[in-house]
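Letters A, B, C and D mark the chains in the order given here, with residues in each chain numbered from 1 onward.
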Amino acid sequence: MCRWLAYSGEPLRASAVLLDATHSLVAQSLDSPMGAETVNGDGFGVGWYPEGAVAGSIPAVFHSVEPAWNDENVRELSRSIESPLFFSHVRAAAGPPIQRTNCHPFRWENWLFMHNGFLAEFAKVKRDLTFAIDPSLYPHVTGTTDSEVLFHLAITHGLADDPVAALTAAVDQVERVGRDQGVLFPMQGTIAVTDGATIWALRYSSQGRSRTLFHSRDVPTIREMYPEAERLSQFGDHAQLVVSEPLNDLPGLFIEVPESTIAILDREGYHHEPFRSAA
Amino acid sequence: MCRWLAYSGEPLRASAVLLDATHSLVAQSLDSPMGAETVNGDGFGVGWYPEGAVAGSIPAVFHSVEPAWNDENVRELSRSIESPLFFSHVRAAAGPPIQRTNCHPFRWENWLFMHNGFLAEFAKVKRDLTFAIDPSLYPHVTGTTDSEVLFHLAITHGLADDPVAALTAAVDQVERVGRDQGVLFPMQGTIAVTDGATIWALRYSSQGRSRTLFHSRDVPTIREMYPEAERLSQFGDHAQLVVSEPLNDLPGLFIEVPESTIAILDREGYHHEPFRSAA
Amino acid sequence: MCRWLAYSGEPLRASAVLLDATHSLVAQSLDSPMGAETVNGDGFGVGWYPEGAVAGSIPAVFHSVEPAWNDENVRELSRSIESPLFFSHVRAAAGPPIQRTNCHPFRWENWLFMHNGFLAEFAKVKRDLTFAIDPSLYPHVTGTTDSEVLFHLAITHGLADDPVAALTAAVDQVERVGRDQGVLFPMQGTIAVTDGATIWALRYSSQGRSRTLFHSRDVPTIREMYPEAERLSQFGDHAQLVVSEPLNDLPGLFIEVPESTIAILDREGYHHEPFRSAA
Amino acid sequence: MCRWLAYSGEPLRASAVLLDATHSLVAQSLDSPMGAETVNGDGFGVGWYPEGAVAGSIPAVFHSVEPAWNDENVRELSRSIESPLFFSHVRAAAGPPIQRTNCHPFRWENWLFMHNGFLAEFAKVKRDLTFAIDPSLYPHVTGTTDSEVLFHLAITHGLADDPVAALTAAVDQVERVGRDQGVLFPMQGTIAVTDGATIWALRYSSQGRSRTLFHSRDVPTIREMYPEAERLSQFGDHAQLVVSEPLNDLPGLFIEVPESTIAILDREGYHHEPFRSAA
């Protein structure tokens, strides 16, 4: 069910993490060591804020339904995008069709959103959850995934004002509607959302057995650990990543985000808080 | 906003009307003389019942998002399909994205449906109309077009039991919801629907200025009119078509279906009835 | 590098082997137990002769660049094709780009051809081999794969008159040109070719370590082995397959074709001959 | 047979000319007022040099086979690309298939190339011209268009050393090989080529009736002509374009490039020279 990564820090060429790593996101599209599915060939997306973007800047988004591993456009764009904050995602479809409107990240105003996982038995809950989206937002849902519905629920619940509260309320609603319909474990997955400045990354599942999620150690520490690593020179001191799984096999670079946790990456660096669904 | 054709009669190779006519449907994809848009390059579809199909047989459906005029698969399939009843459609998108799930004809059980036209200001009415679809049918809506919503409204209103009444009720609902939202002329277009035996084709618009619709004259009469026409030999005596526009420039072959009319093509041949929306 | 299957016998619905088997060809596109690559998501093709086709009939061909595992068109067509002889192929690209013209099977007049494997270091030999294609055939090469060049070399060497001699001459040429360019093991793979009546299937590699190839045991014997197997009822007594790998895990149904062998499937059933490259 | 534009000058957001003009290149994809074909829906491409690129920088290239008019990726990228020199092209295929490798602009090292027109009766001359390409370049031809062959002939004849002489030699070769094969008018079209600093644009046809070509008047003069035009503010004083046809209907902005002429756009501005084929 998908793999993703989110980057913030000094402007970085996207290819550094999308292409040029042992388990780069494009490599994970064909072979994901830790994924619930090995192959994530049902769509690719990248959303990025331009260099020098100010608060409220609208990110650009590129989506492709081709498998990322052989998509020339993905290679070209990854090498030409240089950005202080970007999201990228490869999809393994769990039902909803392969089409550009079902590719992550999704965008709303200056926000980006992506998801690895699912709303269980989506056909059972889709109508109630879709109905719960604010009517003024309803026409903005252009695809047919559970993930896009979840995003619009979070917007409905005030994402722009209080992201953690809004994600909590959206997940609560998924839990509640799911259980009303007899779904045992309604929610599964990891979610990343950003306003262009801060990244919030949630790891949560009803069952308490969530998809994997990792964050990078701070770069100065990594430099001390691996003083010979030339590739590190392209990363600035404030570079930070949150990823579905480590991008390489070097010990200590990536640290697991605990279950039921919301990770926050901002100018101060990384921290996290427990995530509690009221449902 | 699209062009379509529907055929019934003796099993016919689909290429006879999709490829091998002056204004074949594929030719209309690039250049439609009578269309609201000249170019219908935003998707292609064909749905067909197999030879020897019995009542209730499920038709096959092929959809492609490539422009039909240069799509090799369309050529290959058109030449290999031989069918007693088929629908085909080329799309000019009026908003909803270019994706296979937005290509006509749509299928539900043994039924096919296609549409040329639009529900005006669809963003305004989409939510109300979508939630008027029977909840058990709701998960079956896989695309994002106005046309697919209209089809599912007709199913909700009893298409399988009384197609004319169901289409009337669906159009009434579109008129009513549209006017409630301040839409001046909510409905525009021509619709074809079939259960695999009978074709119902509606020409209707709120404004009384509907997209073009024609039906073919009966073949024995055409043979008398054009005794030298060799191409006629591939059509049986019961071959009949209803089309967005004539497939060639020969006078007398195609006859306009009047405004606000529902045409019915069955084993008895062609007849039509006035169509009246209660709204 | 790809997986394929070839069927001949009583007219069969293609879905029986493309979709409805444990290791159906579409299942192999996502997960091929015996393939050199696990994932074959870089293109799909099917070529089929119609029921009642006579000698020299041109087969229909459908090609798609989407991964087969989630391609709705592949499902629809597989269920609607009923044919006495068809080829189907899923591709794992080894360099040449993902495009319809690089999808197998390739067609020339009434012939179909497909290949699993490669001409080693193709960039080194491509020009000489392409130059060796009969100039009148040269414009008929529409893609950029090694496989299509190999097919056209076989045609150049008289495929229509003596298929075994022509395949031998083509492979010889590949061996010779490869070695002239310093390629250690120029040829690798399995090839299937048909004129619509007989299937020739070659398993050969310069190194003597060829891609896997199997043929089905005769159906009457299988019925004795598995008298309870209901799925067998859809296969006629003359049904026979040659496949990159077994379509299911039942012991005894599929028999390995030996190294350096050309298998021949015709009305008499299956037999094979040693294949000897002169080079 | 295609439409294109080439820009150089102060870094410009590509959407200014690809999207935001009456006859923007994307608008021309659906409706080209001066094109040999009205519809150019068989592929889109853009190639661009990054801001701050130095001599020899490799441009990025994006190609899509979807019609540009409804391609969301084209919109997103056009708005995110800011470049001092870019090429863009919409294709109307004249035979070679719709695939990314047949989309212009083509790239070789730091060079870009695009073409509107054709080599007449390409099937007759393709083999001779393809084998005239330098053998070391031969594997670099990844598509199947006449245009890409022409580009590689120009490289073979020394494009990097003397672009005008190389283009002349390539066109001479096309004329000569064509006439040897009995082709009356072998060459038709307009060509743009760049090394990232200078743009060379050729208008030439054997018959002396070439596809249209225009260049923009210098911006300071345009500002005097249209002092109220707000859109001009996004263009710098050194902005210059060469285009298949004018991007808007304002008189005097675009000036026709004469027949049999090679236009040169560099830091000094625009000038042109007569183009003479020796053949």
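The definition used in the following text is that a residue touches a chain if its C-beta (ideal position, glycine included) is under 8 Å from a C-beta of that chain, and two chains touch if they have at least 3 such contacts.
Note that the coordinates shown come from a computational prediction; the quantities given were computed from them, not determined experimentally.
Engineer: Go through the assembly and pull out the chains touching chain C as well as chain D.
Structural biologist: Of all the chains present, those in contact with both chain C and chain D are A, B.
Engineer: Can you check whether chain B and chain D touch via the same residue numbers (shared by over half) or via different ones?
Structural biologist: Since more than half of the residue numbers are used by both chains, the interface counts as same.
Engineer: Counting only Cα atoms for the centres, state how far chain A is from chain D in Å.
Structural biologist: 39
Engineer: In chain B, which residues are in touch with two or more of the other chains?
Structural biologist: 72, 97, 100
Engineer: So in the complex, which bits of chain C are touching chain D?
Structural biologist: The touching residues are 97, 99-101, 123, 126-127, 131, 135, 138-139, 142-144.
Engineer: For the complex, give me every residue of chain C touching chain A.
Structural biologist: 30, 38-39, 41-42, 65-67, 70, 72, 93, 97-98
Engineer: For chain B, which residues are in contact with chain C within the complex?
Structural biologist: Touch residues, chain B against chain C: 48, 50, 60-64, 72-73, 76-77, 79-80, 100.
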